[in-house]
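Next up: some structures, all given as structure tokens.
First chain A sits with chain B, and in the next complex the same chain sits with chain C.
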Partner chain A sequence: MDEFIPQFVGFARLVVLAIVPFVLASQGTMLGGRTGLFNVAQEGIMLLGASLGFLGAYLYGGLGYGVLLAVFSGAIAGLALAYFTTTLKMNQFVIGLAIFFFTMGLSTLFYKFVVGVTLQPPLIPTLQDLPIPVLSQIPVLGEIFFNQNSMVYFAILFSLFLYYLLYKTSFGLKLRAVGENPKAADSLGVNVDRMRYFTAIVGGMLMGLAGAYLPMVYTGTFTAGMVQGRGWIAIALTFFGGWSPGLILLGSLFFAGVEVLALRIQVGGFGIPYQFLLMLPYLATILTMIFAFKWIKAPAFLGQNYDREKRSLS
Partner chain B sequence: MTKSIVLQMEGIRKVFGTVVALDDVNLQLNSKEIHGLLGGNGAGKTTLMNVLFGLYKPNAGKVELHGEKVEIRSPKDAINNEIGMVHQHFLQVDSYTVTENIVLGTELKSWPTLKLEVEADQIRALSEKFGLAVDPDTIMSDLPIGVRQKVEILKALYRGVEVLILDEPTTNLTPQEVDDLFESLRVMVDEGLSIVFITHKLREVMSVCDKITVLRDGQNVLTEDRENVTEKSLVKAMVGEGLNVEESVVFSSVVSGAETRWGASEFGEPVVKVEGLHAQNEDSIVVIKDCTFEVRQKEILGVAGVAGNGQQALAECLMGVCPIHQGSVIVDGMNVSETETRDLLEGGVAYIPQDRLLDGFLPTASVAHNLILGYQRNQAYSNKGFLDWKIIFQSARQQIDEYTIMTPSAGDVAANLSGGNIQRVMLARAFAHPSSFLIAHNPTRGLDIRSIDFVYKKLFERKEAGAATLLISEDLDELFRMCDRIATIYSGEIVGILEKGEFDKYEIGRMMSGVKAND
Partner chain C sequence: MTDTNISTNSKAKAIAAIVLPYLLAILASFVASGIFIAIMGFNVPKAFATILFTSFRTPNGFIQTLLKFIPLMLQALAFTVPLAAGKFNIGGEGQLIVGGIGATAVGIIFADLPLPILLPLVILAGVIFGGFWAAIPAWLLYRFGINEILTTVMMNFVSFGLIDYVATQIWRDPAAGHPTTIPIGAGGELPMLISSPPLHSGIILAIIVAVGVYIYTNRTSAGYELIATGANPRASKVYGINTRKMFLLSLIIGGGLAGLSGAIEVAGYQHRLIEGLQSNFLLLGLIIGLIAKGDNSAVPFVAFFIAVLEIGASAMQRTMMIPVEMVFIVEALVLLFVLLSDVIRRR
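After this line comes the complex of A and B, so read on.
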């Protein structure tokens, strides 16, 4: 029993540390989806964010520069998605996948361009923990929630802010209406296109930031493909969380938990080939989706472009 | 008393691709006036109003409000100019409450909290004033269609409109609800509003409008005060020279005052026997409850009801598409629950589905393909599994002629057809193959008057020839005109069946809202 509590606290603390990329990428997806814009380029945008996040910090000697660069690249990707789908009315999934491949390629290209091929990969200092005075002294909870790095606090607070924005402000009422019935929103003077641009760009920024978290907290360096499917899992998490910021935050604990568990078992060495353990998050994704799909309610116009002058066929 | 001009639309032209939807159309609206905008489907009524509301950008023409030229580029501009529109297909967010739907897009004092009590009270006050009873706190999707319409109107009133456009507002209402709506409109006009009332129903313009403009094929035909027109003159204006009004079924009551020409005949043996039919949908919700009825030879049985009360499920049960849960359906000696739909088709059941785009045709296939869809295994068309294209095209060309389907050739892609012509394909397919029983679900929806008349005549021809018909329709006038008996359906239940001679729109209206015939 004496062993258990510190073990549990250690595990729980790692889980909370690991929710950040899931939460940020997923809230970004949710935000776009709530206006009907379904971004499927998370994985690529996160890779680009990871690459530029690392390079910014490496070149200019400060994590802040990396964060700025990652967020900026995400905004550009979001802008591109919005332009091609909202202004040019092209298929959202095709454009999303194109952006995925493009940003994925860019992520390694930039790294090679700046760093080149090295024997020893260059490292950046990782993000320091920032214990919150008083709160971090609370037994158990303090260690789990209030002795983390600043990005953890940001991810949680931003999720709460999004909940407030979407459900408690008139701006949120308009935003959600665009995803539920863009024509209704349009007929009441809500600017559908502007709303979609806004959510696509902010969503992309969150995804870029989610990617930057990986080199800045986990590894200190960038490696090709280091997002390891977290972007795709973020889509599943968004559905799992019913496209609602609060539930996404809760749901991220589950996906982060499985990820940490897989690592733990790997280190503990239970004689299971580690490749199987690496499958765990994806297996969990499939299983939860099978059950979650029964009760989730996605925005009614998710993935559909809106054209004011298009006449319905009937 | 001279009335001031509120709105003036001049020389409006709108082109979609190569189709001229509006050609130099004018409209003048006086203050405190209900202005009827009358015309058949495709006449351009809704297009004209969508231009006014900023949904469509006109290719030419100008709009003046109180004598001043205004540019309306979006619905937002329209709202700022105090123009409101109630669309035929409601533009509502199903998951929002009534209040949220109404206040969406307005400046809210409670923008940082979204506590909408003040706004809800305002809405209550408005709904009381104009006789539009609705509870502001209900979730939209829980409301029946009639109430949802009131929400649409309140949405406009809440924004303080001066000009209110109503697009076919009576489509889904019971006769009682229509009366209530007309009363509310009078209150609005007394309060200083001016109303444009889009409709294709003569009786409505005659009973509620002060002034009437008739459009045909995207052009002005007539603008007159109501006192100066008769139903007959309006009919002539609506249809032009292309239709012989005296001979038409649609206007039979207007022209001759009687509907006897296509009147009753001796009915034959029952063709369809439905007993204690129960059915559930995929979510295990009961959609058809204890339905029992017969359709005889030479009989047209109508099914009245507000849309979404189980009409679709009923039609699909009879076609063997929707599984039958309890009870029995016998069509022409075939037990439907034990018969494949394809055998029903071959055995003489024809079906004109309500949603012709979704259930009725293949947009990328050719017109000829579509004309034999479902009948492709017939001996006439196929030989040991191979289709005989020569015969198929021959009969397709024949049907294109007979049903005057406007298409460059039988091999042309069906998606190029207009709505009316798609419906003609549906009809040709249903009528060209011998059948003893026809299910027609809203067969005239979205058609122009000429096509509607064509459908009616075909239905009567079949009736004469001895076939049984189930006509499901949301248009009471259509049912009164066509049917020998009318059954009214409410939440999947047949509430009552009336014989010809005892048809009464208020009686049926009561049944449409769930009141049993003998209550």
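After this line comes the complex of A and C, so read on.
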């Protein structure tokens, strides 16, 4: 028992540390989805965020610059998605894939142009922990939740803010109405297009930030495949969390938990070939989808464009 | 003006209406990326000459292009067939890998069988394994309604673990530095058409399959049901088409095509399973499929064009130090402009 508690605390702390990219990317997906805009470019936008997040910090000597570049690139990607789908009425999945290609190509291209090909990749200093006074002294919980880096606090607080915004304000009601029934929302004076632009851009920013977390906290450098499907898993998490900010935050513990667990077992041995442990997060994601698609209710107009001049919406 | 004149005239116009937007899209993307290359301080005419003409300067360049063309076209078809039914197969990578594993397994286990028996088995194993890998997401869609984009992508990541296990644990080649299996039996290798530079007969197989896919989707009633499902699932259902079954079927066919591309890579090119054989074929396949707007008669031509760009891009990286990713941006721009030309025409 004496062994168990510190071990559990160590594990739980890592899990909370690992929720950040899932939470941010998933909340970004949720925001767009709630207005009917289904972004499927997470993986690419996160890669670009990771690349620019690293390069910003590497070139200008401060993680803040990296964050700024990553968030900015995400905003551009979101703006592009909104423009092509909302203004030009092009297929959301096709445009999402196109943005995925672009951002993924650009991420490596920028890195190669700035850093070139090196034997030893340059490193940036990773984000320091920021223990919260008093709260971090609480036994067990203090170590798990209040002795983390600033992005962890941001991800949690922002999720709570989104919950408040969506469910406790009239703006949130309008936002949700756009995804449930754009025609009704439109007839009540909600600007459907503007709402979709807003959620696409903010959503993109969150995805860019999610990507920047990876070099800034995990690796200190950028590599081409470093997002490792977390962007796609974030879509799964969004479904799993029923397109609701609070449940997404809770659900992220599961996805982050599987990720950390797979790494832990790998280090610990146990005779399971590591290849099967590497599959674990993805298999777990597929399994959760079986449950998620049974009980979730996605926004009714998810993935569908709205044209106010058209009578029907199919 | 006589009647025949009018019809040839309108036919030429129809062809121009299809080809012209493509040419303009290619031109626009080259201009846009040319500006980017110039800003980076590279020689733009030399870069474009390298990208466009490397495939046609030497016999070797042309053969390399054909070898690239095979998996790219099959990957594109693996995407466009389900797309016809309105489903997005983003799992071609995993299906290629698992198809490759199936082909390799048969090629190693039955290594002593003669060619007329082993080769068909190797190819068939690739198709079946690839189809099986797609059948899992297809079934999850059929049974639980789970979004196929998510599950097909997840299956890619699962396959990465699987190929590593096969190449490092089951049939590991100890002499190779990189995770690689031992070679398949000689009877499982696709015969060579030309020996130097080497071109294997997989190209013939791939073209036959492409023609077959085209005939299926555009010339048969079964294919018509597939396209009707994609065009209007609700109307198709009312008409009596089992749309859920069409989703299932289209994804499994897509998986089989991707699996075939894996089998051809193994049986024709490498004669063993090498980790990373999937290259970036999935993404290029998606781009090809989307540039072709899902039209299976256009896929082979677009695939050849992209293969030319890819071979040119690697030459450009070798001789001019411009990263290969540059051409990826060019391809994405072509796609974007092709899509935009649709929007413009609609107005």
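A few notes on this one:
Note that the second predicted complex is superposed on the first by the 312 of 314 C-alpha atoms of A that agree within 3 Å, B and C clash if a C-alpha of one lies under 4 Å from a C-alpha of the other, contacts with A are read in each partner's own complex, and residues count from 1 in each chain.
Everything below uses one rule, namely that contacts are C-beta pairs under 8 Å (C-beta built on N, C-alpha and C of every residue); 3 or more make two chains touch, one makes a residue touch a chain.
Everything quoted here is computed from the prediction, not taken from an experiment.
Applying the stated contact rule after C-alpha superposition, one finds that A:K168 touches chain B and leaves chain C untouched. By the touch criterion defined above, A:S187 lies against chain B but remains apart from chain C after alignment on the C-alpha atoms of chain A.
Contacts of A:L283 after superposition on the shared chain: chain C is touched, whereas chain B is not. Chain A has more of its residues touched by C than by the other of chain B and chain C. Once the two complexes are overlaid on the shared chain, A:L250 sits clear of chain B and of chain C alike. In the superposition on chain A, contact of A:L97 is made with chain C only, not with chain B. By the touch criterion defined above, A:I5 reaches neither chain B nor chain C. Shared-chain residue A:A177: touches chain B; no touch with chain C. By the touch criterion defined above, A:L141 lies against neither chain B nor chain C after alignment on the C-alpha atoms of chain A. In the superposed pair of complexes, A:L88 makes contact with chain C only, with no contact to chain B. In the superposition on chain A, the residues of chain A contacted by chain B and by chain C overlap at 314. Residues of chain C touching chain A in their complex: 40, 88, 90, 140, 144-147, 149-151, 153-158, 160-162, 164-165, 168-169, 232, 234, 283, 286-287, 290, 323, 325-326, 328-329, 331-332, 335-336, 339-340, 342-343.
Chain A makes touch with chain B in their complex at residues 167-174, 176-177, 180-181, 183-191, 297, 300, 308-309, 311-314. In the complex of the two chains, the chain A residues touching chain C come out as 40, 84, 88-90, 93-95, 97-98, 101-102, 104-106, 108-109, 112-113, 228-229, 232-233, 235-236, 239, 273, 275-276, 278-279, 281-283, 285-286, 289-290, 293-294, 314. Partner chain A is touched in their complex by these residues of chain B: 16, 53, 55-57, 74-76, 79-80, 85, 87, 89, 91-96, 100-101, 103-106, 108, 110-114, 155, 355-357, 419, 446.
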